[in-house]
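Each structure below appears as structure tokens.
After this come two complexes, each holding subunit A, first together with subunit B and then together with subunit C.
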Partner chain A sequence: MSAGFAQRAIQLAFLILAGGAWYALTQARVVSPLFLPPPQAVYATLTRLLATPQFWSAVQVTLTTIAKAYGIAIVSGVFVGYLITRSRFWTDVLEPVIAGLFTIPITLFFPLFILFFGIGPASKVAYGATYGFFPIALNTIAGLAHADERYLRAARSMGASGFDTFRHVLLPGALPVLLTGLRVGFFICFASVLGGEALSSIAGVGRNIALSAELMESARMYAWIAFVICTAVTLNFLMTFIENRAASYEAAER
Partner chain B sequence: MSVMDTSEGVFMGMPRARAVALTRWAIVATAALALELYGRFFADPAFMQPVSAILRAWIDPVLSDARIIRALMDAVVEIAVAYALSIICGATIGIAIGVSNFARKSFLPIVLLLYAIPQVTLMPLFILIFGLGAAGKIAFGFSHGVFPVIVNVVAGMRNMNPLYLRAVQSMGGTRFDTLRHVIFPNMVPAFFVGLRLSMTLTLLGVILAELYVSTGGIGYFTRLFAENFNPAPLFALIGSLATIAILFNSLVRVAERRLTPGARAPGKLNLSGAKSR
Partner chain C sequence: MTVGDTLIAPQASVNPAISIRNVTQRFAPAGGADGVLALDNVSLDIAPGEFVCLLGPSGCGKSTLLNIVGGLFKPSSGEVTVAGRRVDGAPHPDEIAFVFQESTLFPWYTIIENFRIALKFQGAPKSERDDRAMEALQAVGMAGFARHYPSQLSIGMRQRVNLARGICVRTNILLMVEPFAALDEQSRMVLGEDLSILLAKTGKTIVFVTHSLAEAVFLSDRIVVMTARPGRIKTIVNVNEPHPRAPDFMLEPRFGEMRNDLFALLRDEIRQAMALQRDPLKVRA
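Entry: the complex of A and B
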């Protein structure tokens, strides 16, 4: 208990120290406010930003793009993963291909997405969906391909149909791995949509970060970054929470 | 039912492994052929060109333009430097954090919190601070590559059979002996998992920054070709970068196979903390 308290204290001290260093450095004018604006200026800019309709319209563009990209990634990733694992031969053929492609940064192909889909949200949807597809498909394959053979045989010998087997044997067995894939896929989708917007776009959160950097409006850029980081960290906690709940639910049901 | 196939045995009169490899190559060949036919007969040449035209463009504007070669070489150097920095700093920080239970429980959550931040949002900031040259790209690649090394070094030092530790102690080993002869060798497989992931992310970071900075380097040429609707050299340039990425990845894999004691695939890492045994 006391060790746990000491660790919490160290973590808190670290955060306070980082914040304090930020404040002290900017107060002492050691670093140019162009690179590191003082925290209170960032906070003031953030509260001002939050009140503008432009802010929320940019957030809306990005959220819609992420939702579309993630939706496409889930459907295609789970579907392709399911189809591939129907045959062990195709699993052996295609799993290394998908895993190998995933080690190449798909960012490389971003100019092609721009070429094909333009600089509107469509190219970011396609880019985010492509990036999110891989971890979801790979985890679906990993989850479904390693189902216990005895359970499958038992289900079949008791006369289960293909769908019954999927619903009651394959899916519960694959769920933990599948959910991890969905979580990883979400954050990859999230990051790649923001990255795509920063690289080449006309609207959205990533575009606004890049734009304020180009205009040297550092406080505004930090405000946007702070907003995105808070959102990402909150979502991460939420996803982990859901995943743990689902895992314990599965464990309880079995 | 096909799920019941055994992994060994014969497939269509061939050993199974060869059938798998052949099918894989057949897929690649079919895809290339389909692209060639599509590019030749159906596609708008402003968006897609046949594979043969891309290969020609690879030899002519891409490989014969000294500026593009220069940009590609710069990217290679940036990736190598960012990766080396990631390994050195990641291993140092990882060992410092993983060396005691207390340090790990205190500092690993901070590392994981930083790891969870989408670094792309910081890309304009990196470029603003480090400039448009190689330094910004290296720093951005490093910010991607260092975290998986830290996390996996910590995990590797943790998934430790307590029996070994007790054995060293009972044989009178010092703390240094324990590190040198038990903890480090035990850490190697996890370390290489981190190195592999780190390479993927370093490549991502450097290439993202390369594409973001469009005043020079690769980003300039991709933008030039894309905006002039000149897809053949664009595909060729991207293909060259993909080849570089694949080479870097295979380098890590070869090093892993050479340097891991007892050649075998490293097991799945257990980051959640439960003992793997």
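Entry: the complex of A and C
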């Protein structure tokens, strides 16, 4: 408890230190406000932005795109992972293939996504879903393929059906690893959609950040970025909380 | 028949609870050779309500035999009948329950949830599940831990609960694979005593695999001594002592004698098993 408190205090101290350095650098005019506007200017721009309907419509576009991409990534990743782990043979064949594909920077193929799906949100959905698919599929495979043989045998001896075994033995056993995959997959989706929007799009948060940069409106750009960071941190807290709750039996073991 | 008498032939009974006929198990080899002969032509009848121990050196196929009886493996040849039904590599959860060596309680469920799941898998009506679970937990003195996770219990408590789960499904037959192996000697003696009392009450037929000579003598009606690989029945020892058995039984001279006799029977087999471990290809003809 007290060790946890000390860790939090140090993390908070780093945050305050970074903010203080930002403030000091801009006050001392070491860096041009064109590259790094002072924090108070960014804050003022952000509060102004939050009051505009354009801001919220951009946020809505981006969140919808992320939700669609993530939804597709979850369904395809878990489904493919489940199918592959039905057979030891196919797990051994395909797991390294998927892991290998994941090392390719899919960003290189981003122009192809624009070519196939256009400049609208559809290309970002496809791009985010493709990127998010890999960690989710890989963790699903890791969780399901390494199910404890003892539990499977016990379930079989009790007369469990295939679905019962999946629902009560395979899935709960794989859940901690699976949820980590879902969390990692989410942030990869999140980053891919925003990155894709910044690279080439007509609307969304990423598009607004890129546009502000192009127009040299750095305070506006940082205001958008600050909003993205806050959203990411909040979502990370939320997902870590869910992850820990779902794997509480493991926590009890420690 | 006096205590400690040995029987060479399997005892035939009118209506056996379990009938094992000429079961042979050969494990498929990796490289096209003959494979490993784990069990060689084993035949055994087990009467209803009987407590039978399978005793033998490591790798003699006693666990394999139990898995075949429970329908987890299909034997290479031979057949097993349970309550007149042929077991052919398919579990019969309404008739047979397993209690495994290590606690196989699912760590993601609480104790009561584990019991509900076992009963659900077996197909017990939903309305009965909680009552049956609590009854079995009470029988092993663990009713107060229903809402705990397995990881919150000690190994001994977990094994008690594991045993109760095997009882709550109310099968006629209980197959136990070294259920107390993970426990220290005192705990296994106390748990063995509890088991004897519990089973005298329920009248279940039990087949029990163990390495412990004392456990075998203390619990069994009959002890099936097996040879080193390939597993065959070397001899069967009868223990004539009514259930439930009191700890005093262990202090009687005949208890020690029986244990020594069993060890004498096993010693050669254990040496043979060790030789096999050093040189797996050297199989006795």
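Some observations on this one:
Everything that follows uses one rule, which is that the second predicted complex is superposed on the first by the 234 of 254 C-alpha atoms of A that agree within 3 Å, B and C clash if a C-alpha of one lies under 4 Å from a C-alpha of the other, contacts with A are read in each partner's own complex, and residues count from 1 in each chain.
As a convention for this text, a contact is a pair of C-beta atoms (placed from the backbone, for glycine too) under 8 Å apart; a residue touches a chain by one contact, two chains touch by 3 or more.
Since we're looking at a predicted model, the values are computed, not measured.
After superposition onto subunit A, partners subunit B and subunit C are found to sit side by side with no clash.
Judged by the touch definition given at the top, the superposed model places A:Q11 against subunit B, while subunit C stays out of reach.
Looking at the shared chain after the overlay, A:L194 reaches subunit B, while subunit C stays out of its contact range. In the superposed model, A:P172 lies in contact with subunit C only, and not with subunit B.
Ranking subunit B and subunit C by residues of subunit A touched puts B first.
In the superposition on chain A, contact of A:A210 is made with subunit B only, not with subunit C. In the overlay built on the shared chain, the residue A:F89 is in contact with subunit B alone; subunit C does not reach it. Residue contacts after overlaying the shared chain place A:R150 against subunit C, while subunit B stays out of touching range.
Of the two partner chains, subunit B is the only one touched by A:I229; subunit C is not. In the composite built from the two structures, the nearest CA pair linking subunit B and subunit C is 5 Å apart. Overlap of the subunit B and subunit C interfaces on subunit A: residues 156.
Those residues of subunit B whose C-beta lies close enough to touch subunit A in the complex are 1-5, 7, 11, 16, 19-20, 23-24, 27, 47, 102, 105-107, 109-110, 113, 116-125, 127-129, 196, 199-200, 203-204, 207-208, 211-212, 222-223, 225-226, 229, 231, 234-235, 238, 241-242, 245-246, 249.
Residue ranges on subunit C touching subunit A, taken from their complex, read 70-72, 91-94, 96-98, 100, 102, 104, 106-109, 117-118, 120-123, 149, 151-152, 169.
Subunit A meets subunit B in the complex at residues 3-4, 6-7, 10-11, 14-15, 34-35, 85-89, 92-94, 96-97, 102-105, 107-112, 114-116, 149, 152, 156, 187, 190-192, 194-195, 198-199, 206, 209-210, 212-214, 216, 218, 221-222, 224-225, 228-229, 232-233, 236. Contact residues on subunit A toward subunit C in their complex (touch as defined above): 150-151, 153-161, 164, 168-169, 172-173, 175, 249-250, 252-253.
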